[in-house]
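One chain, subunit A, appears in both complexes that follow, with subunit B as partner in the first and subunit C in the second.
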Partner chain A sequence: MRHGSREYGFWSVGIALVLVFAMLPIVWIISLSLKSPATVGDGRFLPAGGNWTLDNYKTLFEGGFSGSPFIHPLINSIAIALISTVIAIVLAALAAYAIARLDFPGKTAILVGALAIAMFPQISTIGPLFDMWRSIGLYNTYPGLIIPYLTFSLPLAIYILVAFYREIPWDLEQAAQVDGATPFQAFRKVILPLAAPGTFTAAILVFIFCWNDFLFAITLTSSNASRTVPAALAFFTGSSQFTAPTGNIAAAAVIVTVPIIVFVLFFQRRIVAGLTAGAVKG
Partner chain B sequence: MAEIVLDGVSKRFPDGFEAVKGMDLDVNDGEFMILVGPSGCGKSTALRMIAGLEDITDGTLKIGDEVVNELAPKDRDIAMVFQNYALYPHMTVRENMAFPLKLAKAPQEEVDQKVEEAARILDLTQHLDRRPANLSGGQRQRVAMGRAIVRDPKAFLMDEPLSNLDAKLRVQMRTEVARIQSRLGTTTVYVTHDQTEAMTLGDRVAVMRSGVLQQVGPPPELYDNPVNLFVAGFIGSPAMNFMPAKLRDGTVELPIAEVSLSGEARDRVAGSDGERSVIAGVRPESFEDASRVSGETRERGKTFKAKIDLVESLGAEQYAHFQVQAGQIESEELRELAEDAGAAEVPSSGEGQVVARIDAASKISRGQEVELWVDASKLHFFDPSTGRNLAAS
Partner chain C sequence: MNAAAGRLRLGGGGPAATERSREERRLGWMLCAPAVVAMLLVTAYPIFYAIALSLQNLDLRFPDQTSWAGLTNYKTVLTSSLWWTDVFNTAFITAVSVTIELVLGMAIALVMYRAIFGRGIVRTSVLIPYGVVTVVAAFAWFFAFDPASGFVNHLPLVPDDKAWFGGRWSAMSVIIMAEVWKTTPFMALLLLAGLTTIDAGLYEAAKVDGANAVQRFFRITLPLMKPAILVALLFRTLDAFRIFDNIFIMTRGAQNTESVSILGYNQIISRTNLGLGSAVSVLIFILVLIIAFVFVRVLGVRMAEGRPGAT
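Entry: the complex of A and B
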């Protein structure tokens, strides 16, 4: 028992340290976002005299859809990340199913190719993409961002899903077929629900990848028509030529973390282990 | 309900391995057919071809007068029980059993009614809203059965459905399966490697070896008239004893004694003249403690002396093991049987070991030299080169 409680204490301290380390920047940026331009540079955690202000948040949304520097990019971010995630998951689910279940020539080549693409340095594609997108009219459009996002997130999603599909007993699918299901019905009603934890894991990772991307967003967009939040932050201006927009950037940074927290919490509840328990014996 | 006809059905895998070779089998309407054989004999492959889960390389397969070679599993109207049950873990017991009906787009009322009825038959009513993960092995097995019977298919296919249950439950479920099948009267093909299941369940039993069908017939026929060494050695527990013998004009020279043939045994070798070497097969129950055999019965056989190595008492009967001086029996089939049973790894088993089933009241004990009796009318004789039963050739 003593040993157990000591171990418990050790882990608690360790976890607390990691939490402090991880949370400090976030807490700090929240603090910054609540300060006025006068106190933002004073290097103190709490503003002098308790002068909290929500001005930074208000200015982000001032001017509505067209006037605000933030609302349109936020909508772009949500839309592009969601569309990319949905397309990536649908394609990856089908591809991973084929790779896990079927024997076809070039299967290994596809997996190796996917891995190679995932490891490819993104920065080296930027120049050519910029030129290509401009000449074929994808520059500064949603598809212009969604396509490169898919390129880099699909391999990841396929890898995760292949691993999950391989865990599902093949007998289940055959049972479904004997029970009268078409191959697609067997996939949709039996395999897909069982692979749900894997699907949600992949969805979270793809979403985070798209949401956080700065490189493609800053290079392949030129206006609020398709600029996402990480890129838009770089274009914030202060209230005058001589003030840095620190407070506004901090406020925007706080806001962009909210959707991702919601997204992760929502899907995390679906990532339950042991979903296939009881399917087969032996 | 329908009959299933396999006509020259073969299965060759892409790597060239031929799992099933030209199999001809007629399963009659409503019949309970057992496919039995050691592991790797192709029985499961044959079943999976009937189900449509494996392509048929050659031959035709008919279910109810319709050639189904090219039909997808879902269009064959058959239900299958898998060895590992293959329940859908994300569905409740009710949803599992309703799944085939839902796919067939049956109206909700009918689905409810049929699931309730199947649950009643299988004693699953109070478990309908639980998930497979929370059920015991026997309950899962019953759910798998339930999923098969709700649909009233043309045929049931069962792939070793009881092999994952523990011994006691297996016996219970065995009677359960037999009861359900006779109640529904649905054509059933049942695959097992357990000869006890085969003997107790089936209307007819088909014995397979290395992809080739050996013999098809009702259990007593397989037991009493096996066509070859393989069937003789596979059916029956403990297995038939084999020993080299010489056949000469109505008498047979066994390593234990010279026996003059009578009754059935004489008929079996009718037509083989002169002297020839054979392999003699003696079922354990064809032996008896000589002191417990009297009168007319005794006349049918011959007594001999044997030194008992071991006595296993099972209460109702006992098994006496003894050694006979015998030459090697060279037979591919027997070697395969021994390998399947794992006997090849036990040095003392095999050559010259004989098991006799004797009356529980007998006072035979280990180490004794006792007088045993062998029933000369119950002997089987096999050709040493082909393994065929002399009676069958």
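Entry: the complex of A and C
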């Protein structure tokens, strides 16, 4: 099929607009992170005369583990998101296996219930959690965040996993056993390779959700002992009380953003599949 | 149709099949139990707890003065103009941002579906906002518009000293733009999934009958995508109604830009007034139930077709 140059022009403009809008804030925050307090207000994407500086990054890590405003929250973010993801995926995989493969009353109710919980207003649980966590000692701890993260991580994981597990030809397991494989071999050599990609995709998306959380992180923590990066950013004060912490916030933002973007782009096909899994009836 | 159910059909009715189906039912419930119990523990239990808190005079600054309050907390909230301003702000931000997202998302979905080149680039760039933490994006937009560090005021036609966060509607516009930036990708991907289910033969037939592109969009694409659009709207509406991160970072609710979630946070965490704050929480929960009810009952969204995933 041949297309006119007008059509090419039309699509080019559309694609360019999408690209610029998507990249704009990222490019801007990277630019800010490389500016000095003297040039931070110049409004330019590229500093005059190539005046880049890495000072904003250096001050983030100054003072080591206890003195740095950033290292501790970064470790908290990684640990809390990882642990939450593992717990959610294990619990959800059991449920999703049952829903995809077994026949039992109530499975539609479980799916609809999970969906309802995904839309639950998280602010409504803040008061009770704040009160309970303070009285049982979970306030400002890792479990104090990991438990509430189940409100969004579990429904998301169950939904994606059910959609993926429904596509698996489970009969292959029996076929392998007929061919002489033990049940464990059949599971490990046949089912596991089929289930792993979907499970991995669900894990990526759950991780991104936990990594993104802000509401629970600022309400249920009070210090860097368990504060995650998004919450820590909101309380950044900068290296001196006379300069706005713009550059430091930008540098910290770049550090927690760029790896995730690279990761997302690397696994983009899977992520699109995961995001739209089950969106279309099937 | 899953394999186990198929097997059961074949076995049909005999005592062995009944025994097996009973076993299967037990196994199914056992496997689902941990996830179901966990989900109820982190949502249903706190909601009942919040209702209990909302019926008390409970301020953590004066714990000895705790007493039964009945419905006075609700009366206080519902008669305060701040609550109604915040409900309006939240509804306004939700309505405007979801509308823009729907139009933009549909345009991007069409580009991803129909573009004669560059589909990969669009999909890649659309996924970028999805991977960016909302707080980071909020800071990026804040710094872009803030006169002290931004580039927006250096653009032509924009006054150099425009204080975007000094006025209600200009601050609101930036907040809405940040919301749209972050969540349009999800909308676009959901709509793309809906687009791919439409039978291409319909377009060919319409073309043969002389329908132009605009007619084909309004007569074929839109009607057939109605279920997908409604599900996407339901999810995005309820998600946008929870708006918190962007407002917290950009204005903290100043200039009359406060949302109901910010109000709840201020009452519970900043003022440690658990009684009043919980009344706000319960009222937000009721509002969300009403919105969901309208979508499901009035607009006929089929919950079983939807899925979570919006940020």
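To be clear about the criterion, the second predicted complex is superposed on the first by the 226 of 282 C-alpha atoms of A that agree within 3 Å, B and C clash if a C-alpha of one lies under 4 Å from a C-alpha of the other, contacts with A are read in each partner's own complex, and residues count from 1 in each chain.
The definition used in the following text is that a contact is a pair of C-beta atoms (placed from the backbone, for glycine too) under 8 Å apart; a residue touches a chain by one contact, two chains touch by 3 or more.
What you are looking at is a predicted structure, and each value in this text was computed from that prediction instead of being measured.
Asker: In the overlaid three-chain picture, which partner chain does A:97 touch, first (subunit B) or second (subunit C), both, or neither?
Answerer: After superposing on A, A:97 lies in contact with subunit C but is clear of subunit B.
Asker: Which of the two partners, first being subunit B and second being subunit C, lies in contact with A:203: first, second, both, or neither?
Answerer: Touch status of A:203: no partner.
Asker: Considering only touches as defined above, state whether A:130 meets subunit B (first), subunit C (second), both or neither.
Answerer: A:130: touches subunit C, not subunit B.
Asker: Is A:193 touching the first partner subunit B, the second partner subunit C, both, or neither of them?
Answerer: Once the two structures are laid over each other on A, A:193 reaches subunit B alone.
Asker: For the overlaid complexes, name the partner, subunit B or subunit C, with more touching residues on subunit A.
Answerer: Touching more residues of subunit A than the other partner does is C.
Asker: Examine A:155 and indicate which partner it touches, taking first as subunit B and second as subunit C; both and neither are also allowed.
Answerer: After superposing on A, A:155 lies in contact with subunit C but is clear of subunit B.
Asker: Thinking of the overlay built on chain A, is A:182 touched by subunit B (first), by subunit C (second), by both, or by neither?
Answerer: So A:182 only meets subunit B here.
Asker: Give one of first, second, both or neither to describe whether A:171 is in contact with subunit B, with subunit C, with both, or with none.
Answerer: A:171 sits against subunit B and subunit C alike.
Asker: Just checking: does A:261 make contact with subunit B only, subunit C only, both, or neither of them? Give me first, second, both or neither.
Answerer: second
Asker: Go through subunit A and flag every residue that touches subunit B in one model and subunit C in the other.
Answerer: Residues 171, 275-281, which sit in both footprints.
Asker: In the complex of these two chains, what residues of subunit C are touching subunit A?
Answerer: Against subunit A, the touching part of subunit C is residues 2-5, 8, 21, 24-25, 27-29, 31-32, 34-36, 38-39, 42-43, 45-47, 49-50, 53, 107-108, 111, 115-118, 121-137, 139-141, 143-144, 148-151, 153-154, 181, 186, 189-190, 192-194, 196-197, 228, 231, 234-235, 238-239, 241-242, 244-245, 248-249, 260-261, 264-265, 268-269, 274, 277-278, 281-282, 284-285, 288, 292, 303-309, 311.
Asker: Which residues of subunit A touch subunit B once you look at their complex with the stated criterion?
Answerer: Contact set of subunit A toward subunit B: 169, 171-172, 174-182, 185, 189-190, 193-194, 274-282.
Asker: How about subunit A: which of its residues touch subunit C in the complex?
Answerer: It is residues 3, 7-8, 11-12, 14-15, 18-19, 21-26, 28-29, 32, 40-41, 43-45, 91-92, 94-95, 97-108, 110-132, 147-148, 150-152, 154-156, 158-160, 163, 166, 170-171, 205, 208-209, 211-212, 214-215, 218-219, 229-230, 233-234, 244, 246, 249-250, 253, 256-257, 260-261, 263-265, 268, 271-272, 275-281 of subunit A that touch subunit C.
Asker: Residue numbers of subunit B touching subunit A in their complex, please.
Answerer: Spelled out, the residues of subunit B in touch with subunit A are 51-53, 72-74, 78-80, 82-90, 99-100, 103-104, 131-135, 137, 140, 147, 151, 157, 164.
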